[in-house]
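One chain, subunit A, links the two complexes that follow: it is found with subunit B in the first and with subunit C in the second.
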Partner chain A sequence: MNNMKYVGKETPRIDALPKATGTIKYMSDLVFPEMLYARILRSKYPHAKILKIDSSKAKALPGVVAVVTHEDVPGVNGFGIVVPDMPVLCKDKVRYIGDTVAAVAAESEEIAERALSLIDVEYEPLPLVEDPEKALLENSPKVHENGNIHLHTEIKRGDPSEALKKADLLVEHTFYTGRQEHAFLETEGGVAFIGADGNLNVYAGSQYPQRDQLQLARCLSINPRKIRVVSYPVGGAFGGKDELTIQPIIGLLALKTKRPVKITLSREESIISYWKRHPYILKYKVGFKKDGTLVVVDATLIEDKGAYSSLGGPVLNLAVEHACGPYRVDNVHIDGYAVFTNNGVAGACRGFGAPQTSFAIETIFDIAAEKLGIDPIALRKKNALRNGDLTPIGNKLTTSIGTIKVLESIEKSALWKNRNKLKLADPKKQWLKRGVGIALTYQGTGLGVGLPDYGGAILSMDEDGGFTVGVGTVDYGQGIGTSYAQFVAETMHCPIEKIKVILGDSLLSADSGPTSASRGVYTGGKASVIAASKMKEELLSKASRVMSLPCESLEFGNECLLEKNKPNHYISFKSLADKFIEEENKLPMTEGYFLVPTAEIKIEKAEGLPHHIFAFSAHLAYVEVNTLTGEVRVIEGAEAVDGGVVVNRQGYEAQVEGGFVMGMGYGLMEDLIIKNGIVKNPNFSTYIIPSIKDAPYNIETIPVVNPEDTGPFCAKGIAETVMVATAPAITNAIHDAVGVRLFKIPATPEAVYMAMKRKAID
Partner chain B sequence: MKEVKINFKLNDRDYKLTVPTNTTLLQIIRDQLGLTGTKEGCGKGECGACTVLFNSVIVTSCLVLAPQVDGAEVLTIEGIGTLQNPHPIQKAFVEEGAVQCGFCTPGFVVSAYSLLSKNSHPTEEEIREGLSGNLCRCTGYIKIIKAVKKASKEMQ
Partner chain C sequence: MKELEYFVASDLHDAFSVLTYKNETIRVFAGGTDLVVRLKQDMVREDSLLDISRVKELSGIYESEGFIHVLPLTTHTEIVESDLIKRYAPILRDACLTIGSPQIRNKGTIGGNVANASPAGDSIPALFAHEAMLKLESVSRKRVISVEDFFVGPGKTTRKPDELLTDIFFSKFKNNPLEKSADYKGLNPLEKSADLLFSNPRSLSGDSRRLNDTGFFKKVGQRKGTTISVVNVAVNLRYMGDNRFSKAVVSFGAVAPTVVRGRLVEKAIIDSEVDSPEKILYISRLAFREVSPIDDIRGTLEYRRDMSINLLYEGLLELFNNGWRRLQ
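Up next is the complex of A and B:
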């Protein structure tokens, strides 16, 4: 990569200055003439029958332009990426406290708010389904008619029960993980309006405009071609804007009123109403030989799905796939259940099932290392998956596998090498104890087998000789737009300043699949490179004609095509652009499409499994535990990450640092508490995310180069793996510091304190 | 709703407005003046996305009511620097990679501006204290701290 001008070079984000000056317009900043404001009436009960909805008083309120209920939904009254079971507007039943019952469009937010209080809804409360384990029982009340099991995925290899009997060391524990809120800073919101062409425009934060277009078409009963979805820039998403949120409501209200309709959710409404990370109960039995060989993993995973499907099934399957960690094991039984409850709704969230299982398996590896007297890195190396191995679910690894490389890199880090010295806390403060913990993880890049998984890019030449690339994925902070610009600049020999990027626009950018599954750089990037290669052919043939030279005698130079060995005989891209306009009256446009390679086998009854391409990361946390209060401070962190290659060092570090701190929140503080179906901490003063004062002093990013031949310039995706194993690295560090194990995250001060107290009593 | 007449200075321009008394400064900035660089992240003074300088003190503008704005001097992100002429803090945020989704960025820039105008050489702890009212979910804060350190050097 040394001879490259843009790829692999530290490149500031192309949209950083418009963001830092506040000049860029987010969807929630848009204002249109004659715009109305929408508000949503949400369910008063977490589980109830709707007996009657009377909106006549609300409709009569001056300033109210429309009130809609289920009767107004023209198409399918349901959406959902996998199963469209979430009503746009509930008809006869509500299943969680944020369920949508009615919506109002009015001349002002205040009037819309007041109108909500005038809508009469009669409910008959139903028994709650709160505990996912009890929900599995036959006599449990049901959230959906077909029962509470949304998905059951079971994978069995080898002879796990026999292997459990024979194992020298059996580690058996039940783990619990919290319900994490994405906490993107921009809540769900946007504007819908009917354009001059009669088409419906929906400008709202999202992760996949083309899928929104199809889902909206179904709900609103209009041709998807008559819907345009625009979703860039977005103030954070992390998976929480992958599924639809407010789009069907504002779409419906815009159609009904023929005026622009805007909504911006309050923070409370955002937290209560939409997708979260699924809480899990994870029951593990893991067997090792004396020499540290992992021989068996038997795990039951119970996912609290909440009220509607969304991506809960695929999340469960990814959890099942990643349940054994990136380790070789021949005797496997993973039994996973995604269970409906009335506990809000959950869906995609950075890591997608892997953070839950990573907490369990990486804690177990730490326990095993301790009990067997083996160095924790050595134990992981011994069992780590390598190229050519079968994964725990039985597919052969044939792509770039970085387990050993990331472990070797983290082993050389200052944090690991000096860990014994670092453990020594201030001798004057005996109540403070320090420790270092490690965890290893991996994460599939892309959607896996059986799902349409492709990248798409449209590339057009601009009048100034620069280029515009349009990719449907959305940059909600990861930096993919900058990566695409780097790829195009590199391939086209064009300065990056002359590359424009259009993201997240169903009209102007090519369908490139969802911006999820760590696939943005990989899919959209590869498609951009393909489109650029085609563009080069167009330019080459034009230059050959203009210069009356055969193509073979021409080569690309900086912003030009030149005759080989005659650097003074060239035609600039600008002159070529002029020629295109002069001769063809248009500038060239090319498209690139790329089908993501998949594994050779398919895992029966487990949609999406297996994945084929993986990113790997080893995480270190250096913590200080206050033994008087149970408070844990993360002093430093480090991650060795195999993302194939580094496309942009600055963006790479940004993902690692942000992922680490989000993982820190998951491990130490974040859990959305739902009791009796009611959210107890729906704001940032009660649901605490890490602040700048909690951030570690340093998070070392150690990039591990491990080229993935199928990726753009050999890159993979790192967006998720960087946060996945941070929580277990921290809880393992807590153990290193004070000798207690945490089996539940978040490891709040209370939990750490109680664990220390129990240990003292024992 | 009762209305109130207010006179105030914002980004060095004088404004006269008549607004309902329950209007927040954030609403005045975004809805009345159309300056959308100041963001709403929570509406409760918890996230800092709406931070502005109010009589030389940083406030969450979602918690300031219209009558309090009368006679005040306000500085928003738009008054700190522009695309053509960014402030050294804004340049440092760009160069250090302290911007990701960018929604929290204007609030951080305003807090950093206030900090550096009072303390041109803040220590790391002082930076953390000075920006502790702003939440960010993307960056992990490390690059934001680096950006403020860099800006502090550049502004010498």
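Up next is the complex of A and C:
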């Protein structure tokens, strides 16, 4: 890619200036004339029948313009990407503490707040469903009428029970993972209003404007074409804004009041009410041969779904698919259950089921390496999936497979090569111990078999000879807007400064599917390249006519078309744009669509499986453990990442560093605690995320080039894999330092200390 | 958040007038770093606020007649940056350095941290260690009490509703009731090395005593930055040489309804020759009997009790390994 001008080159973010200077307008900055403020009345109980809702007193309060309950929902009173089981406003039952019962629009936030306290709701509390394992029992109280099992996915290959008997080494453990909050900077919020054309406009940051549009149409009973959703800019998402949140409520209130209605959730309301990473219980039995060959994985995965479906089913399926790690294994039994409880709601979150299983399988690989006396990288290499192999769930790998490459790269890193020297801590402080840990992972790019998976882009020429590309996917921090600009600039031979990007607008940008599943660069990028290739054809034929030369004798130069071998005979894009306006009274516009290639096989009842294209990463963590307090300091980190190619080095590094630190939070400190259905740590003084003082002083990014032919300029997506294996790398490093295994994350100082204490007592 | 009446005092006289008039119904607002969070969560009982942040008389650090005064509106950042504090109250400095984030340290005040009376307030054990005194004033009276006598329970102090905390001070050199005869012999190595640190070494006996002061502040939290103490400990020792001490003040935070002194530990330090890691461990384990922690969202009883011991052990061991010199 050395002959390229933009792709693969360090490129400053196209949105850097307005974001750094604070001039960009996020949804919470928007103010409209006559705007009302909304507040939501949420359930008082985690599980209860609603006997009566009386909002007459609230409606009578001066300054209150509308109070809505389930009776006011004109369409389907439910939303959900897979199953629309989450009520816009609850009718006869509440299923978690953030469930919505009523909403108010008032002249001020204070009045709206006061109105909430005037709404009388009579409840009859129901028995709680708290423990996902107990929820599976026949006699458990039910969260939904159809029972507590939202989804059961079981995969069986080979003869696992026989293989377990024959294995030389059997590793058997149960693992627990925490309920991670996305902790995006901007809480859920936005403004809804009726435009001059009578259409409903919903400005609320999210990950997929066109799907929001369809879901809103269903709830509000209006033609989707009469709804415009603008979901960019957004202050972070990480999967937490894939599903709807407040949009149906402000939409409903705007329709009801015919005035703009705004809401911005407080941090507490945001944490209590919306999506989290699912906590998992993972029961593993894994068998190896003496020589390290992985022969069998038998695992039961129990997902605490929370109260409503959202993407809990697909998350479970991805966990099942990734349960064995990126390894060859012929005897497989994975039994997965997504179980409803009254523990809040969980949905998509960066990694989508993979971080949970990665913690389990990578800990097991570390245990096996130790017990078999095999180097942990050698053991992983021995079993690593290669091109042409069948994955644990049985699909043949035919795309770019980087398992061995990332392991080879991480093996050459300074951190790994010097790991024995690095183990030496300050000799004056005998209570500090150091260690290095490794973990390997992969992550499917795209939605998998059975779900429509496509990219779309609209490209139009601008009057100045530049171009505007409209893609529905959203840049929520990962930098895809800049990648799209790079792709278009490169393809069009046009300076990047003259490329405009419109993201996340159901009217102005093409439907490119959800911004999730590490697919933003891959799908939207490929669609942009296709649209740009078509644009080149348009420009070529126009230039050919204007210059009276056959197409074959023309070629693209910098911002122009020129006659081959006659560099002085050219027509600039600007002149071409003038010609288009002069002759056709419009500028050319092209569209690009791209269907993501999928695996050949299909897994019954397991939508989204299998994946076909994967990104790979190997993670290292270098830690220091204080044996007196259990505190873990991550001194350094490194990741070797196969994302196909590097589109933008700065963006690549930012993803790796951000992913590593997010994975570190997952591994060491983050867990939303829900007891008796009540959230115990609903703010950032009690829900602990890593601060800059916790971040390692260096996280080495090692890009591994492994071109994926189907991707734009051979790129894949790295957004998730970069965080997935950080937690097990850290817990494996803790073991290297102090010899204790953590089977539960987060490994808080207390958890690490107690593990060491128990070991000392034993 | 409820609506409140908001008073701004421009000077001390103003503040006292409002306080006398509103009495129990008003809450004093200094830096607001904790209060604003509580206000937003509707966790404040009072209906009005008295903002004293502009009362200039209540801010600053100075030395007078052998005492260091840290006025209550002094921010944690000002404390951390003060040469007087660096010299005479290094443990307080270390404690203030660990409070919140730079933004919180820029706004938060020591008086607020003290009057807020959180058992986990980081400056409080440090003030215990420096044996600080507090001055409380109302329109009609003034009183001076030891910092230890100020706290009654979580968020509860002996401050009367019409009183304001107007001064926090401690002696540059002070006799501890537990201190043995102060005429220890000769100079010790510590003093020599400390002399090198200052361009103008003084020969005053008081200053030489200060130069033999050693100690530490330590805390364990749920993360490294912007963290609330799960347990903290402050220790101030006066070294006599030969692993012996003439004075010891040990205090623990977040392990009881208020910050507590570790009297048994102090006595053991003074009574023994602290000459081995084993002895340090033995002494530290006495903390077990001094603390009465609870389970909460940040930690369990067992962990807190163990941490009282282990933080003390870690801190003392670090000093021991460093020839009892304070770690810089």
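The working rule: the second predicted complex is superposed on the first by the 762 of 762 C-alpha atoms of A that agree within 3 Å, B and C clash if a C-alpha of one lies under 4 Å from a C-alpha of the other, contacts with A are read in each partner's own complex, and residues count from 1 in each chain.
Convention: a contact is a pair of C-beta atoms (placed from the backbone, for glycine too) under 8 Å apart; a residue touches a chain by one contact, two chains touch by 3 or more.
Everything numeric here is computed off the predicted structure, so don't read it as measured data.
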Subunit B versus subunit C as contact partner of A:Gly477, first or second or both or neither: first
First, second, both or neither for A:Ile692, with subunit B first and subunit C second: both
First (subunit B), second (subunit C), both or neither touched by A:Asn420: neither
Which of subunit B and subunit C A:Glu750 touches, first, second, both or neither: second
Partner chain(s) touched by A:Leu628 [first = subunit B, second = subunit C, both, neither]: second
Dominant toucher of subunit A (residue count), subunit B or subunit C: B
First, second, both or neither for A:Asp15, with subunit B first and subunit C second: first
Footprint overlap on subunit A, comparing subunit B with subunit C: 266, 685, 690-693
In the complex, subunit A residues that touch subunit C: 110, 266, 268, 428-429, 431, 626, 628-629, 631, 633, 668-669, 673, 680-681, 685-686, 688, 690-694, 748-750, 753-754, 757
Residues of subunit B that touch subunit A when the two form their complex: 30, 34-44, 46-47, 49, 76-78, 80-83, 86, 90, 93-95, 97, 99-106, 109, 124, 127-129, 131-132, 134-145
Touching residues (chain side subunit C, partner subunit A) in the complex: 3, 37, 40-41, 101, 220, 222-228, 230, 297-300, 302-303, 306-307, 310-311, 313-314, 317-318, 321-322
Residue ranges of subunit A in contact with subunit B within the complex: 12-13, 15-26, 28-29, 31, 182-187, 233-238, 264, 266-267, 476-479, 650-651, 653-654, 657-662, 683-685, 689-693, 695-699
